[in-house]
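Next up, some structures in structure tokens.
One chain, chain A, appears in both complexes that follow, with chain B as partner in the first and chain C in the second.
And now, the complex of A and B:
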């Protein structure tokens, strides 16, 4: 594999050239004083922020249901966001011909709910700042996939703090060809991003009950999840989440008098639905107004279930989601 | 909604361990249940009369029959509802015999369980809709895959009955393995004669197309309307439409190279039963030859993963012994066997006769065959005496068994018919439906479903042909109304259902970005239903709501 060693300025020049096209768009992070934002750039781009330490939501949700083939939408995302994009292309929820999505090395993030944190500007300082921060999100603490090796191209940092752009698919050429630097072999070592907390996810039914008792069925975790892609969820309807007369009917008809109904069922169903595609970004936990530790459950369950099939969500555009395939020789230890 | 519940005693079968009186009393009290009654045999004439009368008297619009398993008397009760002027899909069967009375002796617990099962039926029967069975036209033609003895028999039968037959054979000529047999015991005919009489019938018939050197490339569609693509003579591509399929791909003789310790291929004096049958005249033997025949080569052998008995090789070995004995009166012949399974009619007598004629039988495992210059040495263990032996012979015959066709795996994917663990095609039911596969309109004949002798293969071929003929001859077929149904506005177009559909019934509409279901192709298995995260695909008659209600019936506090 080859790549180009670049400076931030080389990248910006290439992006500016890219945006000359009428139908070209760039979606990336910007740093506005202290605030970090996701934004789209048309025609020109003054500056972008490659390493965004503040997590709001998984940006891939904004790519969902882009079906037009006329645009060229270039995205510079975090690894977990690029992986969600890859999963969405497998599920035909985004027209992959119009979106070119790359990933940047990530140092971990803190919640956007926290104020008054001053982040250093220099990437070196930012990395050590985040690595020592007690505010690092649980999802990032347990993340083992922080390198920019996903999506159509990667923006990576080598051990001498040089920036590299590496194309992974043919689509990356729209950016790669605009970069004037010479192509060369990749350096031997890239920056290592260690997971800080290597604990195994564990819970018990008691703990589960305690945690999910707090759920108010606002469905935020569903709406903000990048891989919860249904246009119409079963929990929008009275069948699964009865309201009004339907609620009273269902209480009278069954032994279950819980209000709201089907709380646990909702989370079980969602855990199953995202159990192969979950990218472990922790967006659900960010969105939960009740502070339920959702990452622990969703990411924990998906890591175990996708591990059964040696599947890593978003690793490869061609890799099929295990639930959609059947091989006679899979799961030899299924009875365990 | 007016529901009637009819509880069957099934003689003593149900009544013995379920309090049927208590059941009928209990359900009488439930709102909307207009009649709840029990009777000795609901399936009997008077039993049916009770149901019919009740339907008319109370104008029932839902009927629950709590009795035996739904697969028993299914058509009978459907007809009864039709006769009573009610749509048959408004019937709900509850199995309180197999699922209840037969499982335990505790009257109290059984009655409790029966109550819950019937209650679950009651909760779900309200969702039953008056579906209509769909009728599709059936093409009166058949594809026969394989031109061996069973394929030929099936093709002959179908052609005589006026069904258009397309017979495809992968080899250059028809006849399969039987054509190579010199002596088809006990007919005293050569295999060639049997095969040629069948082939000449087929060639004469004007409704038979024979393709040799052919290979099935594609089979699409459903019973009555299959689209077939084959290549014949290596390259010529053909497309045609057939109503049904008979798979008669036969077997492959066991490859004796897989047992290298038996020395096959290292010496001309080590041969298989098939070879000796063809070329006994060519083998040069001394005047008083010593011949060893090894049974069970490639059968009943766990080390090869073939635990099954090939059924034909014992009688084959005996036949070879007799052939040699006829040619060489003074021959010393010794058979090494595990136990002799002389299956077909007259086989046991043939075995006794063979012993009387002076063929020796040693129960033993042969561990090694060593060809030397003056003889072929056999080493093994006599399992009756518990002794190790070493004997010299002039000829060693390996009685090889049957292996499944290597092509079966590809075919099974094309036809969507499962294979068993040994690579043979799987019957729908080994005893009750040995000719059917799980796919409607696809039948199996001959050795492709497991080892059979010539007679069985012919019968199997004819029987499958008869079953297929019975289905094709009607000219039409009913399609179950329980097919998948897509609610377009809920469909995200993620195509998960498309990738799990085994019947290729789901098609993606790229313009609307939703899927649609080819109803005639849908088998109603419900995989798409289970896969769809937003329940946009529903199996008619088995929607989430119906199943949830049924479950809440089972969980209800009585």
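And now, the complex of A and C:
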């Protein structure tokens, strides 16, 4: 595999050339004094922020339902967001021909709800700042896939703090060819993030009920989840989430009188539905107004269930989602 | 409820059975005068892969003590490959139940239309197991 060693200026020049096209768009992070924002650039790009330490939402949700083939949308995302994009292309929720999505090495993030944190600008300082930060999000603390090796291209840092751009798919050429630097072999070592040993998730129904007792069924976690994309979610109708007359009827005909109804069922069903595709970004926990430790459960279950099929969400464009495929000679002991 | 049809059992099992095999097996069990517990409620589905795991979870949280999904043996599906998908899905769902220490509340059976005895055996075994756990 080959790549190009670049400076940030080379990258910006290439992006400027890329944006000359009428239908080209760049989606990236910008740094505005203290604040970090996601934004789209058209025609020109003054500056972008590659390493964004503040997490608001998984940006891949904005790519959902882009079905036109005419655009050229270049995205520079975090690894978890690029993985969500790869999953969405497999689920046919993004027209992959119009989106070129790359991933940048990530040092972890803190919640956007925290104010008054001043982040150093230099990536070197930022990395050590975040490593020693107590405010790192739980999802980032347990993240094992922080390297920019997902999506169409990667922007990575080697051990001497040089920036590299590495194409992974043919689509990346749109950007790669515009970069003036010479192509060369990749350095032997990239900046590696510390490996953290994951434990197998184990919980109990009582613990689960205790943790989710606070849930108010606002469905924010569903709406902000990048891979929970169904337009006709079962929890939009009265059968699974009764309201009004249906709520009163269902209370009268069942033993369960809690309001709102079906909290545990909702989280169980959603947990199963995203069990293979969950990228573990922790966006659900960010969106939860009640502060429920959602990442612990959703990520734990997804790691345990995708481990059964040796699947890693967003690893590869070609790899099929386990529930949509099978091998005839597998799982001989599946029945009881 | 009409007298005589009242179900006294305190253990409720919901079974999703494929109409081409396991449901036929349950019918055959009836015509062979084999008995299985009253608490077992059998639901007929066109194929075992029609069972969305959401159905199973809904049944559990709305009061069922156990749920089983029964389909044709792998390779014998009427729709050629439906039960291969069931196998993956229910296998993963069982793993999830295990993560929440709910092992034994979901089972997957392969039962062909001729295996009425196997159907009764499996269902009774599951019933007894759940009844013991409830005491």
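Operating definition for what follows: the second predicted complex is superposed on the first by the 322 of 336 C-alpha atoms of A that agree within 3 Å, B and C clash if a C-alpha of one lies under 4 Å from a C-alpha of the other, contacts with A are read in each partner's own complex, and residues count from 1 in each chain.
Basically, a contact is a pair of C-beta atoms (placed from the backbone, for glycine too) under 8 Å apart; a residue touches a chain by one contact, two chains touch by 3 or more.
A quick note: this is a predicted structure, and the numbers were derived from the prediction, not measured.
Because the two structures share chain A, they can be overlaid on it, and in that overlay chain B clashes with chain C. Of the two partner chains placed by the overlay, neither chain B nor chain C lies in contact with A:138. When the shared chain is aligned, chain B and chain C each come close enough to touch A:254. Taking chain A as the reference, the larger set of touched residues comes from C, when chain B and chain C are compared. Of the two partner chains placed by superposition, only chain B is touched by A:231; chain C is not.
Residue contacts after overlaying the shared chain place A:322 against chain C, while chain B stays out of touching range. In the superposition on chain A, A:204 makes contact with chain C only, not with chain B. When both complexes are overlaid on chain A, the residue A:275 reaches chain C alone and has no touch with chain B. Using the contact criterion defined above for the overlaid structures, shared-chain residue A:264 touches chain C, although it does not reach chain B.
In the superposition on chain A, A:212 contacts neither chain B nor chain C. Of the two partner chains placed by the overlay, only chain C lies in contact with A:309; chain B stays clear of it.
Residues 234, 254-255, 273, 323-324, 326 of chain A contact both chain B in one complex and chain C in the other.
In the complex of the two chains, the chain B residues touching chain A come out as 489-496, 499-500, 513, 531, 533-536, 544-545, 548, 552, 555-557. For chain A in complex with chain B, the residues that touch the partner chain are 67, 91-93, 229-234, 239, 253-255, 273, 320-321, 323-326.
Residues 201-205, 208, 234, 240, 254-256, 262, 264-265, 268-269, 271-273, 275-276, 300-301, 304-305, 308-309, 322-324, 326, 328, 330-331, 334-336 of chain A are the ones touching chain C in the complex. The touching residues of chain C, counted against chain A in their complex, run 53-54, 57-58, 61-63, 74-75, 81, 84-85, 87-93, 95-96, 99-102, 107-110, 122, 126.
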